[in-house]
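Listed next: structures, encoded as structure tokens.
One chain, subunit A, appears in both complexes that follow, with subunit B as partner in the first and subunit C in the second.
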Partner chain A sequence: MVTTPESSVAARAKYEPVIGLEVHVQLLTETKIFCSCSTRFGAPPNTNVCPVCLGMPGVLPVLNRRAVEFAVLAAMALNCRIHETSIFARKNYFYPDLPKGYQISQYDKPLAEFGWIELKQNIGKKIGITRIHLEEDAGKSLHEGFADATEKTAIDLNRTGVPLIEIVSEPDISTPEEAYEYLTLLKEIILYTGVSDCNMEEGSLRCDANISVRPRGQKEFGTKTEIKNVNSFRFVREALEYEIGRQIEVVESGGKITQETRLYNANEGKTYGMRSKEQAHDYRYFPEPDLLPLVVDEKWKAEIAKQLPELPEARRARLVKDYGITAYDAGVLTFSKELADQFEAAAQAAKNPKRVANLVQGELMGRLKSRNLEIGDSPITMQGVAMSADLVESGAISGKMLKDLYDLSFERGKDFGAVYEEEGRPVQSSDTSTLEKIINDLIAANPKQVEQYRAGKKTMIGFFVGQVMKASKGQANPQVVNELLVRKLEG
Partner chain B sequence: MELNLLTIDAARSAIQERKTTSMALVESFYARIQKEDSAIGAYLTLTRERALEQADRIDRLAAEGKPLPPLGGVPVGIKDVMCTRGVRTTAGSKILENFIPPHDCTAVARLEAAGAVVLGKLNCDEFAMGSSNENSAFHPVRNPRDLSRVPGGSSGGSAAAVAADMAVVTLGSDTGGSIRQPASFCGVVGLMPTYGRVSRYGLIAFASSLDHIGPLAKNVKDTASVLRTIAGRDPMDSTSADVPVPDYVAEIDKPVSGLKIGMAEEYFGDGLDAEVRKAVEDAIQSLAKLGCDVVPVSLPHTEYAIPTYYIVATAEASSNLARFDGVRYGYRAKNARTLAEMYRRSRDEGFGAEVKRRIMLGTYALSAGYYDAYYLKAQKVRALLTQDFDGAFRKVDAIVTPTSPTAAFQLGEKANDPLAMYLADIYTVTADLAGIPGISIPCGQTREKLPADWLADSW
Partner chain C sequence: MKVTEKDVAYVADLSNLELTEEERAHMVRDLNSILGYIDMLNRLDTDNVEPMAQVSDRYGVDTSKAGSERFAYANREDILFGLRPSLPHEEALANAPDADETFFKVPKVIER
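Let's turn to the complex of A and B:
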């Protein structure tokens, strides 16, 4: 349940939220960033470890070049400037799941800066990306799931040293909706590059939000809070919504915002301040002396750029061009890389790619949405869509039949092809004698409409087609119906 | 044949020619350690089993008439800041009193691969922090030349073991003079190679940008022989340099005639003991007689070296030593009720006074609001010091200086005066800061013995 504090609409209108997002993305390298341990998720605790990621005395980090390449790919996809030289730095703090007592990150000389993502809802608005830097992940503290968990905390260091990029946005985001859109687009782009699976449940994408409010027109930022521990984009939006209301209420009632870290409780839909003791950190950053400066020269950059796949924006443009579909259709079809890939494969195999596009958008997406399904969960595959498109194209089935078959697919959880077989490969009726009888009956029953048609109101044909289709339970071939009708009405 | 006095080549040849065995050599060194070390305290852990296994391997090679590797059968000692797989490695600290590493230090592994026999782990100042070896959590080391005096530090055990014939050669580590100063106090040769020449993998870090592993030996040739073995690129250490390793042993027979020797007045100022000055000046005279050109050089930023060093070194140390938190290994305080208390008490009880002092200094130097004034400033001065040397080495091939302002001092003499102790490194820290190599070669004796330091350009 989301319970937004009762700040009045009028009070809300006086203030402008200022939001910046920090997103951590795990990179899908085979091995960790500074050692050769596997990054595989879900291994038994403390099995993907070695002296280096355990922080044993005397061990040294050796940078995984693949992690650098992945980070550069993401930075390129997000329109960043890649710095030829960047510096790793130590972020010092004590925590049981941080074996070295510091995290190797980047600080004042990050890998990349000055990127942006362009929003679609608010056309032309760009959200700046301040920086993207490389760092290592920490381990996990486990408080349950083992013997004497009530008295002890267990540490799993499998995740320690998994490569991360942190993507920091400018405080350009003005509403929770924009935050949601930014995150959705960011995830889409990262997924396209293939450098991360962006799986929030497994923690391969994590988001913190910085939020403040200021009276509209004021230049200075208000005091910000940081919301951590938000594990879905929807919750980010909800948490921001709540926090904006809370901050406005505090300011309106003459109070001051405390700069603090707050946690979002998704069950209550509220944010709570952490005890200040837990957040007063001086990380004492300094350049990591165990690593040389990271140099990504022009040659390497060019090699990496070759691995950059077509990004959503470019793909949309190409889909419009190649398949003759509208920009809107292209947008729907590139909702995810997976969908776009499947679509293109199916469309290329089909007789009329445009029809495939229309079916996906008109028949498939709506059914998925109304059932709260992701495209990956669709019973009808893109091959199924392509098959149905070809059947309509050849006149074997009518549009109405296709709709019915789609409904059956969703009911039975089976692909279009299977349902089509189960239904005995239905064919729309082109049997003129049956149709002629229906038409004759219709003409006899509707003299007024016949008169109107014959007087020149040609659009009346639609009425007759509809009636024939209805009478034939959608199984009539509309083209044949049309021809017969014209002949009878004119004759 | 006096087995304990053999050099590397003599020991290897004796085994190769079956005049003795590696086993006999090892036993003779253990006998010597048994007899002498209770008074000196150089060894913390003996690795008898590992040593005998390696000796057996070498003896079988010799018996089969196969050529022994370059250090075949040579008994060596390892400063206890270098990790040895399966062998307790303490860094001279209570916090690692029972720590058994799962990994080997690259330099140690390379020595063993070249046939060396590791006798044991050598005492040192805790985490290599100290100049007298009195900061060992276990017991101090005494100078074999005079048991009332310190052997220097932090590689006091490494220097004393060589001086007392308890190892043919040893490995030490040098962060601000920790190889060269004890070498000079004990009258042996100690070499700190160029930064990056020898892998630091497995060396328990004190100050990463200043830490070096290097050999201590009775003569320059053995020193060269060990360096040749341990030097070279290591994929496990990103800061190890990919520069070919020359045959140092072949190089040392070249005449010194024609070499340009620099003499820097900054190293002969106030605070230099008169006898030490005389010995070093005499040595320089001898070099001149051998055909060296003695050229005055200026190293104007030398006076800032000690404060610069203590900021950079302690800053890095404060971070490097954060991993000793009682969570995964090492000492953990009993009965702590909260995580914070476990951290605080484990570290308070596990670390000695000097280590805690340096962690606090370093933490302060890196703190918000102080970073620019201390750490950043120190890095700038460090660059200036490096420039000093760059300039000097455009004029000369090497610079000769005293290693330490005094000869070995008495145990307890400076133990309660950290600042006086820090000044013992005044002539050595500059090379660590500049990343250049330095070697301490005995060149005379005061009542006890005496030190000279050669600084040379990188590589």
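Let's turn to the complex of A and C:
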């Protein structure tokens, strides 16, 4: 629940929030950024460690080329300028989950700068991306759940040295909704590039938000607070909502915002200041002497660019163009890369791609949603949708029958094709209107045969029955077909 | 004097060092002497000299190669245990001042 202080509601209009987001994304490499330990999540604690990531004396980091390529891919997808030369730097601070006493990161010469993401709700508004840099992750501190937890903290260093990119936005974000949209789009783009799984539960994507308020029209920024490690986009939105209200209340009552780190308590919907040392962070960055400059020249960049897949925005535009579907349909179908891939494969195999799109959106998505299923868990595959679309297209089954078969698929947890077989390949054989349509089409398409029949060659009826049976995939009731044909041909 | 006792106390704190009064005074003298030398170096004209944090990117490089290729030797492929395997769990924990059978243990951490 978001609890916005009441008094801020009136004051709110007078203030403008200024929000910037820092997103950390874990790269899906096999090994860590500076050593060849595994990055696998969920391994027993302190088993994916070696002298390098444990920070033993005398060891040297060796850069993982794949991590660089993934970072460059992400930067390209986010419209950044990639610097040919960037420099690793040491960020010095003491914390037990950082065994070296410094984090290898990038500082004044990051890998990439000047990117942007274009929002959709507020059409045309671009959120700038200040920079994207490579760095190593720290380990994990566990404060609770141990017999000696009151005196000790347990440390797992498996995550130490896992490659990260930090994506820093410009303070261009003006509302919690925009922050939410930016994060959603960012995640979508990163997922499409395939450089991260963006799994927030496993910490593959983490977000910190910087937020300040200023009277509308004022140029200078207000004092900001930083909300750290909020573990869902919805909570980021809620935390910002709360924090904006809190800051306005403080300023309105004549107080001053303290620059500090705050934590969001999702149960209470409130942020709390962390106890912090009076001294500001002073990381004393300096160039990492153990690593050479990172050089990504045009040649390497071109090689990496070849791995860049079609991005969501471009794909939506192409789906509209290629399949004649609406922009809305394209948006639904590109919800994930996986879904879009499956759709395209199925649509290309089907007679009418637009019908496949409509069925996915109209019949499949709703059923998945009402059962809380992901597209990956759908009993009906895209091939099943394509098959059903073809059956409706040919007139073999009606829309009503398709809905019933979809319901049966979900009931039985089986694909459309299996249920269609189990039901004995039903057809709308007794549905005279469909048969009439087939017959009308046949009569129109075969004037010569109609003429022969009407001239007295009654055996021609056999030709027409055969054609109707073929059009109905052999499922039409022959007696009904005969009666209808006689009536139509005689009439 | 450039560096004061206060500066020394601040830097010592950042470095998790506990200095005695005597050591602090000593550090003030040492650091000022070093900075005095730096001042002398600062009199040199370095306008057209690139800052250098590394010698190996400037000297001893294979000049027949350019761009990324020149530094490729310092990178590695993303291959599990390509450099060396991870340490056996017991060995990883062996040198820790405090550990249980699974985790490193440190005095309770409250704030970050």
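Keep this in mind: the second predicted complex is superposed on the first by the 379 of 491 C-alpha atoms of A that agree within 3 Å, B and C clash if a C-alpha of one lies under 4 Å from a C-alpha of the other, contacts with A are read in each partner's own complex, and residues count from 1 in each chain.
Operating definition for what follows: a residue touches a chain if its C-beta (ideal position, glycine included) is under 8 Å from a C-beta of that chain, and two chains touch if they have at least 3 such contacts.
This one's a predicted model, so the numbers in the text were calculated from it and none came from an experiment.
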Partner chain(s) touched by A:296 [first = subunit B, second = subunit C, both, neither]: second
Which of subunit B and subunit C A:90 touches, first, second, both or neither: first
First, second, both or neither for A:284, with subunit B first and subunit C second: both
Which partner, subunit B or subunit C, touches more subunit A residues: C
Which superposed partner A:218 touches (first subunit B, second subunit C, both, neither): neither
Which of subunit B and subunit C A:100 touches, first, second, both or neither: first
Contacts of A:54 with subunit B and subunit C, given as first, second, both or neither: both
Touched partner set for A:258, first subunit B, second subunit C, both or neither: neither
Contacts of A:440 with subunit B and subunit C, given as first, second, both or neither: neither
Overlap of subunit C and subunit B interfaces on subunit A (superposed complexes): 51, 54, 62-63, 92, 94, 96, 155, 282, 284, 286, 289, 291-292
Complex interface listing, subunit B residues touching subunit A: 81-83, 89, 91, 96, 99, 101-103, 105, 200-205, 207-209, 235-239, 315-316, 318-319, 321-325, 327-329, 339, 343, 363, 366-368, 371, 375
Contacting residues of subunit A [partner subunit C, same complex]: 29-31, 35-38, 44-51, 54, 62-68, 84, 87, 92, 94-96, 141-143, 148-157, 261, 274-277, 279, 282, 284, 286-289, 291-300
Footprint of subunit B on subunit A - complex, ascending: 51, 54-63, 90, 92, 94, 96, 99-102, 155, 282, 284-286, 289-292
Sites on subunit C touched by subunit A in the complex: 10, 13-14, 16, 53-54, 56-57, 66-71, 74-87, 89, 92-93, 98, 100, 102-112
